[in-house]
Amino acid sequence: MQDNKEKEQEIFMVRTDLAVEAKESFEEDNVEIKGVIIDESYKEEQDIKITRVVIENENGAKAMGKPMGNYVTLEAPNMVVPDQDYHREISKELAEQIKKLIPLEKEVSVLIVGLGNREVTPDSLGPNVVENLLITRHVVREYGKEALGKNKVNIISGIVPGVMAQTGMETLEIVKGVVDETKPDYVIAIDALAARSTKRLNRTIQITDTGINPGSGVGNHRNGLNLESLNVPVIAIGIPTVVDAATIVNDTMENLIDAMEQTKELKTIGGTLKTFDANEKYQLIREIISPHLNGMFVTPKDIDETVKMLGFTISEGLNMAFS
Amino acid sequence: MQDNKEKEQEIFMVRTDLAVEAKESFEEDNVEIKGVIIDESYKEEQDIKITRVVIENENGAKAMGKPMGNYVTLEAPNMVVPDQDYHREISKELAEQIKKLIPLEKEVSVLIVGLGNREVTPDSLGPNVVENLLITRHVVREYGKEALGKNKVNIISGIVPGVMAQTGMETLEIVKGVVDETKPDYVIAIDALAARSTKRLNRTIQITDTGINPGSGVGNHRNGLNLESLNVPVIAIGIPTVVDAATIVNDTMENLIDAMEQTKELKTIGGTLKTFDANEKYQLIREIISPHLNGMFVTPKDIDETVKMLGFTISEGLNMAFS
Amino acid sequence: MQDNKEKEQEIFMVRTDLAVEAKESFEEDNVEIKGVIIDESYKEEQDIKITRVVIENENGAKAMGKPMGNYVTLEAPNMVVPDQDYHREISKELAEQIKKLIPLEKEVSVLIVGLGNREVTPDSLGPNVVENLLITRHVVREYGKEALGKNKVNIISGIVPGVMAQTGMETLEIVKGVVDETKPDYVIAIDALAARSTKRLNRTIQITDTGINPGSGVGNHRNGLNLESLNVPVIAIGIPTVVDAATIVNDTMENLIDAMEQTKELKTIGGTLKTFDANEKYQLIREIISPHLNGMFVTPKDIDETVKMLGFTISEGLNMAFS
Amino acid sequence: MQDNKEKEQEIFMVRTDLAVEAKESFEEDNVEIKGVIIDESYKEEQDIKITRVVIENENGAKAMGKPMGNYVTLEAPNMVVPDQDYHREISKELAEQIKKLIPLEKEVSVLIVGLGNREVTPDSLGPNVVENLLITRHVVREYGKEALGKNKVNIISGIVPGVMAQTGMETLEIVKGVVDETKPDYVIAIDALAARSTKRLNRTIQITDTGINPGSGVGNHRNGLNLESLNVPVIAIGIPTVVDAATIVNDTMENLIDAMEQTKELKTIGGTLKTFDANEKYQLIREIISPHLNGMFVTPKDIDETVKMLGFTISEGLNMAFS
């Protein structure tokens, strides 16, 4: 979870780390965006919905509030169920998607970065993933590939940089230092994301070749982990485990308007609210949101078991892709 | 945090673990309740506000939604600030309040129960407290009081029972078993509470001699930890570390109505909403709350450091009281 | 790991939690013990050696320093290797052995106790196992067997009682309290054991129907977890993860004598030492062991990964047996 | 704890991370070493013995098996006792010693590195220390010194790099990367050390301006954290929390010889052993040491509470020095 100042500023906008949700907000308005290509498929046997969003140009990037690149989403409603066989299927699908982004004919070296705070349960996804990885770099360097009994061995290293309150450093500073020193071919960053809707929590994996881009992601790559800042391609894998508390209130507002529309006595009121433009809505919500909600998040009570399980599913996917 | 079914049923009621908040909701309506005595004081030097709520009879209990007994609240706005000296003052005040509830002229034996889930950060307050306690029971039993170099030694034991999803057992079953076997004079249960308002999070300590009473607490003592269920007096110490997600929405609704009252164009609407009776409000909120919010909680992003610090403050208070 | 006083007293005896090691010390002396039956088999495909030691009467118990009952040992040299498929085979074999001790035609209720200190890595085996169990008791009690989609559901509960320094209570007090309150048909206790030899560390699983019996186990059942103390059958499952530091020294002594035997110049010395009786040896070792070694243990540097993996293997075995 | 190959090679030499122990081994032999200056003092009130060893030239370095520089040892027999006031005294003394090595008239920026494996209890000292530090760098960078209400603010950052088995990278690679990127004036590395003698475990703090130098430290600075490898001065603070298992055996050997000297019947044997030169001794010990002891360590059973307490004492010392 990113905790930079920008986030607070856009708290009343369509705030989501998921391209698939950014896309939906346009679909609601029946708007088609130039420069954004969407492709959906469904694997019935595994009950996994795969959505590929390609942001082709700056116009699309501006509209979506996300940098140009590929965003693949795996949606699996049963991902919260602790069924080992089912999670193996998800890991396999994740491995397939990773292989589409990283050509593995030749050996590659990959640094896997577990973002987030291991002491805050819903934010511990990244650290959890790195704990379960098959790390090979030190073995190959010390004993050669033969030690692992294979002809082709990908060089996997991992790091859990911690969060700024614990280190005093930005994640980028730590990761850039390590990348400059160890020169991996690729960085894969794992992070817990913020979703817009509670119904997507812990049920969606997003894989993107644009890296991690806090804030709107457009025009501000300063603190992100991406090709521009690290000089190697960065793939980001994330699962939404929290919703910003302010988003919940925003949703309520929307629901209220809809509810009013449909309630006889309230139709006039709902209608009135509906005529508000974005700015007026913003002003109204600003007034009714408690200032204490900034920096708060919403998460399920059983998040401990869910994060542990999802962390394992992602690490297995990575282990499958690279072994 | 309790996770029983009753909670869900009353999700739209005034839902709070804090007597001081239950009281406030009546004050807002300018209602005085028979059978409830309130006494407030303020320690200027330490900036601690102390509120004592006494529920004297069944009428008060019904109105407050809490069992008869004493509820003391220490409110300290700076409790979230990591200032060791200030936290020592809070620990001292807590020790004083504990001594008012447990006469310590004679030696006593006390079992301290750390409720909650150590794997979910805001729910790990109880386990954190037990980790920092001065446990003496085993030393006294094996080597006598002399081993601790004192004439008078209180017998302190501690347990972290875990939550039902981990044990398959109700907390009461575990604690009752241990109490029957080890026969302490008192039980002190530490728990993370749910507040009604985000502004009280991590700033308030509640001490009560009524024990832990999930749900409304009136008429249903089945799963509680209290004198009735354990056959020894139970003191509960809690700090609100979360707000139920549904409460946030409820608050927003209230704020919306207030905001509308004061906004020129919306006055009519606000007025209309205000005329709704409780049932109509309930219906409206029911419609606008996402069903996905059940079982969700709201908590600050830096909850890891806060819970660690507050756990230490409570355990120091207990150590001061009993050593 | 047990930390009672008795242990210290027998620190210079054949000190081991493993029946298979107690047996070996007799074999070295070519002694056959009446009342002890030994049966060995080897599963070639899985490379698992299975030894069954049956102590039939008090004579055998006295000789072995262990209570009457069945002791099954699974020895697998590759158990320290992180190979998922191999560990699945071990889990299966463990499940088979458990089914031999607990008849599962009818539904049973089982309380699984994770002994040891979760804060000390080699002692965290028990807590690790309980974390990964499929706990069913609360689901069945609240929603019925149907909720789990089966006709027959075993009722599994679990507890991590902690160690005396943390709780002030003996493990038996906590477990007895919980057993009396929840009345399981069986208790299964998981514990990290002390081996006599470093070469057996993390490579052996012992399953016994005699429960946990600290000290010699003969004549002193006071603090053990067993049928006598808990009134339900107790099965203990353990893996040696440490060697007592004093044992290392004892072994060195033995090796020294052997080495001297074979070294030309030292033959006389070795011979002299060999003529010492047990008491003289004891006196000599007593002099050369540093008193600082009491309460110390020896364990491998990578014990963190090993304990995590072995804990998972045992919990999978239990899940297979009861699901 | 370092786990490089060199360590294994010198397993039968005087193996210790403590300069004060290296010194002692010479004193036993009544040898005075040119190029090594020793200065001892004792603070009676706090019961802290302070030994300063200065290795002045390459001759001293070779003899001591440690690089040139200053080594200060604080020895406090009561350091294992959980007495808050006493530990505050140790923290103060530690702060004083740090101030002697880092001139603090001007503001300095310091990166504090918590070495070791947080999953292995006796090796978690470094991570424990970093968790309790007052980290200031991010606050000063974002809000300026004023945010901390002071004119002079030292810039403190911290990192827990993890161990090679978890990251696939050498500690040096990670720390060098972060140092190059964030350019601190000083690095302070905290590490759990290996002592030669169990009686020094958890009772000694060593502070040195030579950094961390695995292996003999002379001539091989490749993997160390020091001025040469990081280009900034490196101060190392360590507490011995383990003894190498092989050392225990070595000690036993020595004790055995001494015991034999004093036992009537064994005098001849002891005498014989005493005439062995180092190489013969080495051969003998080699034969009697189990090969399984390599990579094993010895540590006390209550190491969890001790490490937590000592970690807090060091972090408080650092906080005092820099705030």
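By written order: A, B, C and D. Residues from 1 in each chain.
Just so we're on the same page, a contact is a pair of C-beta atoms (placed from the backbone, for glycine too) under 8 Å apart; a residue touches a chain by one contact, two chains touch by 3 or more.
Keep in mind that what you see is a predicted model, and the values were worked out from it rather than measured.
K.L.:
Mind listing the chains that sit against chain B and also against chain C?
P.N.:
none
K.L.:
As a quick test, compute the distance in whole Å between the mean CA positions of chain B and chain D.
P.N.:
Computed from C-alpha means, the inter-chain centre distance equals 44 Å.
K.L.:
If you average the CA atoms of chain C and of chain D, how many Å lie between those two points?
P.N.:
35
K.L.:
Residues of chain A that contact two or more other chains, please.
P.N.:
165
K.L.:
Looking only at which chains touch which, which shape fits best: line, ring, star, complete or other?
P.N.:
If you draw each chain as a dot and join those that touch, you get a single closed ring.
K.L.:
Give every residue of chain D touching chain C within the complex, in rising order.
P.N.:
For chain D paired with chain C, touching residues are 1, 3, 117, 119-121, 123, 165, 197-199, 201, 245, 248-249, 251-253, 255-256, 258-259, 263, 265-266, 268-269, 272-273, 284, 287-290, 292-293, 295-305.
K.L.:
With touch defined as at the start, can you tell me which chain D residues reach chain A in the complex?
P.N.:
130-131, 135-139, 155-162, 164-170, 173-174, 176-182
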